[in-house]
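One structure follows; several queries about it will come next.
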Amino acid sequence: MSNTRLSSFDFEHIVKAALDEDISHGDVTTNILVLSVTTTHATIQAKQALTVAGIPVVQKIFELLDPTISLTLEHGDGDTITTGQVIASLEGCTRSILTGERVALNFLQHLSGIATLTKQFCEAVHEFPAKILDTRKTTPGLRKLEKWAVTMGGGLNHRMSLNDGILIKDNHLAILKTQGINITQACRLAKTNGPHGLRICVEIESLDDIDQALEGQADVLLLDNMTPELVHQAVTQIKGRAIVEVSGGITLTNVREFAAAGADYISIGALTHSAPAVDISLDIPFSA
Amino acid sequence: MSNTRLSSFDFEHIVKAALDEDISHGDVTTNILVLSVTTTHATIQAKQALTVAGIPVVQKIFELLDPTISLTLEHGDGDTITTGQVIASLEGCTRSILTGERVALNFLQHLSGIATLTKQFCEAVHEFPAKILDTRKTTPGLRKLEKWAVTMGGGLNHRMSLNDGILIKDNHLAILKTQGINITQACRLAKTNGPHGLRICVEIESLDDIDQALEGQADVLLLDNMTPELVHQAVTQIKGRAIVEVSGGITLTNVREFAAAGADYISIGALTHSAPAVDISLDIPFSA
Amino acid sequence: MSNTRLSSFDFEHIVKAALDEDISHGDVTTNILVLSVTTTHATIQAKQALTVAGIPVVQKIFELLDPTISLTLEHGDGDTITTGQVIASLEGCTRSILTGERVALNFLQHLSGIATLTKQFCEAVHEFPAKILDTRKTTPGLRKLEKWAVTMGGGLNHRMSLNDGILIKDNHLAILKTQGINITQACRLAKTNGPHGLRICVEIESLDDIDQALEGQADVLLLDNMTPELVHQAVTQIKGRAIVEVSGGITLTNVREFAAAGADYISIGALTHSAPAVDISLDIPFSA
Amino acid sequence: MSNTRLSSFDFEHIVKAALDEDISHGDVTTNILVLSVTTTHATIQAKQALTVAGIPVVQKIFELLDPTISLTLEHGDGDTITTGQVIASLEGCTRSILTGERVALNFLQHLSGIATLTKQFCEAVHEFPAKILDTRKTTPGLRKLEKWAVTMGGGLNHRMSLNDGILIKDNHLAILKTQGINITQACRLAKTNGPHGLRICVEIESLDDIDQALEGQADVLLLDNMTPELVHQAVTQIKGRAIVEVSGGITLTNVREFAAAGADYISIGALTHSAPAVDISLDIPFSA
Amino acid sequence: MSNTRLSSFDFEHIVKAALDEDISHGDVTTNILVLSVTTTHATIQAKQALTVAGIPVVQKIFELLDPTISLTLEHGDGDTITTGQVIASLEGCTRSILTGERVALNFLQHLSGIATLTKQFCEAVHEFPAKILDTRKTTPGLRKLEKWAVTMGGGLNHRMSLNDGILIKDNHLAILKTQGINITQACRLAKTNGPHGLRICVEIESLDDIDQALEGQADVLLLDNMTPELVHQAVTQIKGRAIVEVSGGITLTNVREFAAAGADYISIGALTHSAPAVDISLDIPFSA
Amino acid sequence: MSNTRLSSFDFEHIVKAALDEDISHGDVTTNILVLSVTTTHATIQAKQALTVAGIPVVQKIFELLDPTISLTLEHGDGDTITTGQVIASLEGCTRSILTGERVALNFLQHLSGIATLTKQFCEAVHEFPAKILDTRKTTPGLRKLEKWAVTMGGGLNHRMSLNDGILIKDNHLAILKTQGINITQACRLAKTNGPHGLRICVEIESLDDIDQALEGQADVLLLDNMTPELVHQAVTQIKGRAIVEVSGGITLTNVREFAAAGADYISIGALTHSAPAVDISLDIPFSA
């Protein structure tokens, strides 16, 4: 069950901006070559194995551009498909289909890229209870869509913004240290001053910090940039007295080790900031 | 010399949206732990070798968030730096610096990622006259910024939108074929109907298409998804009668071969759709 | 220490909308009677005892309308003042002062009304540890400003939006009950599915619900529409195993009883949805 | 007959802002507890006697949030109902109903609060020809909606903005006095310079001002902050030579006296700036 | 004295839209030919006799585009100048000056065109008391700017919108006639139902309508599409009992006759809907 | 075939702004005179011979204002009609029709004015191959609509923005001259630096410039402010080695001579900056 939602209300303005950005004053090539009365059939196809995300965006794009286009779905967000499978087919005004192609693919390839990478991380740890989380390292303007794509790949969403979680990070601790405030005191300060509905999460740089944090009644310990071995030691030391999240330096190669070390949550910035686009194309059959 | 520009007028709305998205109703952690009167010193540092892009965006972020923050630049867009080098330092209200950190880094890591990858492609072909171009495969909403980052890495910008270039693609040709119109005729149609200020560019799928395109007086031939060997043959066949652009399947490994084969331009979607974020951090020294 | 922030970045668009709404195509009376070169002196004065909130908004209004107006503050947000005290004085173009008067007062009277009412509630419970909270029952479009005003009156902010807290309300429980899910199970479901940074808060309608909620490891129990006597019983029953919040039917007359009954937090919708405007005027001395 | 209108074109942007403000990145509680396929039935009910206003806004909220929700109206804007009466019922996706609940109620309780208070003022003067008017003392951003609510309670709208009426107020007169211009001359100046479609209204502070204003051919005299006795004297002195409006210090207790004193119009800021929210709830029956 | 105002607050969004529309993704010609470090001197010059309007817009354009550009004014809005006179000079970054040129001239030529035409109408009637008015026949989106330009040419502004005046037009009368309501009754209905601050203006198609309108106590009679002779007859018949406005078919050739016939106001749609642009150029001296 | 497009997506925001500008807080006259339940029939009629443009905008206006209005078209964009012909008829709520009348006519009269003037220019040169082009001298905010209107009159669109064409103008050449760069070198610089999809167009002030431009391989020569005789000489000198465009001082009287002189394209700023509005009215028959 997801803690995010995707309504067209949330992304319509992004779609409009993207169409405006790409079409600008008009698709000059299509307009000079294709008569406005021509209609055609086209398919959107996977050119590699991938997990789909972004279909509601594609629907909105063609709805905004030309409500007479009919879009038939073969697959929806969250489906994992293989090379050559058709995701959707389009029928209608040729000009509109060609004009919307690039914007539709840009969204679909980017979001499915995120879903696909997330899926790979989730599968790598499937034997363990650890859950894969995203971060706030998202592309500016696309956070809701990218976090949606993460859930389509089987991941969970971490904080959506600075407002919906207390996370005491290294820079906060550095500032507080100059004022003579240690980790224990920082956690207590957060408990006293913070909204009563938020748990206290604190970043842990070394095993020495753990006891201080637990003494401050931290609810979640975020083990930052530790090796799987250190994580294992930390989990042993924590003994279930706090939730354990790990972050930093996690790759498809080593994620299983972190899960095996006992982490409850593994948060990975690369899910959203470095997932390569997957290959998807819009094709018009010659015999159309 | 670049054919794009970067004025704050162009990206201020994106920065506002990104701040709104991340800060939402407020940075709860910072507000409960750090007094509003505290000031601090922080540095933005490269954690890997990279080419910088996005500094004007970082300036705008802190200007919008808190005009009293002072930002001192050590490096600017287009500079290539190594691990550990400081890009900029910040001085001022601790709350504002911590609250703006993530948005600033999200832009800087993404845009510098694009500049860094572009630089690698440019260096790979530096012995040849071929120039590296981006495409319209950009992240929705960020086209101007991403195309700016490409130029900071030494690349050139292809079409900014569907309106500023005639590019007859495979899907256009498929449509026209069903109406009995071949490549030669398509090029002529574009010449007659198109704006008199735009050249005619046409996508070429096989060597057979080349003579048809030249007969139609195409100005640019875009060789799509060919091997370096085929490109070489095509260049020989074209004999300077048209500009040669190649696209499709270009990687850091093979780009040199395409340049060696005689392409005038090499356009690469991955520059903008798949460049991984580079590692940059904002640090507050403990002794601050 | 507040968990909200007030930067002009957050409310500039509301101020623009309010100016546009009131000025529309121009202040016809002022423009036909007062020459554009006339300057004047004016004061903003309290006509009753009140707690000030909204000064940054007033500053922004005159800055947008006419940057040459100089505004001198005698009091700032959070100050409690008495009848006749001057809050600020203005000097500059008469037309601009008269044209901005109503919008400035509309914001200042509304926000100071909220701060003033909140202050009264806070003072009523000052002998007890209970803290006064606002709710999401705010005026559409003004949530950040109204929640800011609450903190200026000494209150704390509850959830800013549906995204930054888990609060299982009566309607959620009604829905779950039809599926055979009781309070204990609902709390556990929230713990399993919810973001790991959020505590579990649950609405309690009767004393019978308390043990179920505690069994489900709820972190906060929201006692809804109970009498002070029932609250006292509930607090006794809970024995510190969860944070206690009360809500519903709280007035200036009875709030002290709820605090005395042992509530940790008292949340009051009226702070924002029913605070009457306080009386503040902008005066131009006849001898100016 | 009303001189305002309410089309969704006018308030759609406010509704969007309110939804965005409340939902932010998503209704986390509902999303983790309620499956997206669940549907339910809910009613919107009056918890006190009230006059309804805001139904078109509620319709727009659910239309934007989820067009599949069906909303059945039992009462519309302008209806006066009693405790327990159902205003509307909703049928559809449980998540959407719960997510939209608070925003819908915030609008409905605020606007119905204004209509209800206005109705009380209108009833208090129903034996007299005096009409109840609102003012420009409205909540920033909500003027059209609040003025609509006033008409639903039986009141009339005064100026919508500074542009649609000439009203020479105390501050205008103070400024003009320093230039040796008295009330008579101010009225004449307004007549000469003002748009030929607007009447001249002038604020009257004492009985002495009346003859000056009439000499200047003022069309409307606004008697400010006078007692009912003074208003009676003023009406006698004016003898039908101008329209009489009273304002300042009007309450439900004394409004009848002002009407009895012969005022044509009574304008009341509290209608919009201090009307308490009325109690309305959204309920989901346990047996749904 | 004008009943409009021109603050940058009112037109900044139009200027941004115009810059975005013209510059789109960048001034490609300037960017490839002119180095970003080049500075230059340029003048904005009248190529014909004209009355200036739009200088604040030009200032805002360059301020938004490049705040380092310095703009020195030789003439301001309302000045009437002759061929060859310099209106303003610019100094600064060559790229910015060339990029902003067209947008600046588009505003300045259009608005000065309106001021120039208005001035000609005003001069044609200068021997008579009649005043020249604009109408609501303005270019969509530019009403405030165009109405400002009218005042710069010496004209007055009629209604700014449908909200700030009661004008009973032929179509209203046609509708009312089908319900058995004549002109007298229409005027009375407007008096009873209308806001008490607005005068009653009614359109008069023939001399027969005049007495009906006067009987209904209309304040302003708008004589529509009458000859100067008929206007003269109407004025004689009205005998000062109402303000007389004429409209329809007014040209520079016949406007003097309408003024001579005794009209108080002459309203002319062509001022804003058909004023040709005046000739103004931005020149860079060769020796710069 | 047109190189522009007109989708409601492109102009909806302009229509909204125009409605907001004209209606503001409501059509007070109509609301006080016409009951909301009244319906009526109305026609939009040509009062002069004209070419229609703007029908999709009129449709959008009534759709936004009141979706229950039915609009029946007799003529569409591009149709040339005579005095008295009905363009469209409307059926529905009287208030909505009267409230939308002025905005609908403002768009329709302006855009049809442009189409009508363009048509006259096209007809004047119909014996010659020369094509009529617009320029970037458009009304701020209305470029897409105005360029659409030009195509409806039979003209072609020149550059839509500074981004979609290289046009080396007099000011560019003046700047380059101070750096010792002549026309030939400027053209070569543009070829080297410019996007490979854009042709090189250069402004020619005298016959001497022609050989320099051709030596620089300019694709298009823009003959600026020349007489038809000089254009003839230039065409002879160019001998088909470049496309010939003329501009400056073109009127309906002399345009035929320029076409006869051999120009390929004739670009005319007056099409968009000085086309007078055509006369169109909305009528409600008395017997409706």
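Worth a mention:
We just call them A, B, C, D, E and F in the order they show up, numbering each chain from 1.
Here, a residue touches a chain if its C-beta (ideal position, glycine included) is under 8 Å from a C-beta of that chain, and two chains touch if they have at least 3 such contacts.
Quantities reported herein were computed from a predicted structural model and do not represent experimental measurements.
Shared contact partners of chain A and chain D comprise B, C, E, F. Each chain's centre was taken as the mean of its CA atoms, and the one lying most distant from chain A is E.
Interface residue usage between chain B and chain C, two copies of one sequence, is largely distinct: under half of the residue numbers at the contact are used by both copies. The distance from the centre of chain B to the centre of chain F, with each centre set as the mean of the Cα atoms, comes to 34 Å. Our note on geometry: chain A versus chain F, Cα centroid distance of 45 Å, whole angstroms. Here the CA centre of chain E is 22 Å from the CA centre of chain F. Contacts with at least two other chains are made by residues 1, 3, 24-28, 32, 99, 143-144, 160-161, 163-167, 193-195, 198 of chain B. Contact residues of chain A toward chain F in the complex are 16, 19, 24-28, 31-32, 35, 64-66, 95, 99. Residue ranges on chain E touching chain F, taken from their complex, read 14-15, 17-18, 21-30, 32-34, 38, 40, 42, 94, 98-99, 101-103, 105-107, 109-110, 113, 136-144, 160-169, 171-172, 174-178, 186, 189-190, 193-195, 198, 269-270, 273-274, 276-277, 282-288. Against chain A, the residues of chain E that register as touching in their complex are 24-25. By the touch criterion stated above, chain E contacts chain C in their complex at residues 1-5, 7, 9, 143-144, 147, 160-161, 163-164. By the touch criterion given at the top, residues 1, 3, 156-161, 163-167, 193-199, 201, 219-220, 243, 245, 264-265 of chain C touch chain A in their complex.
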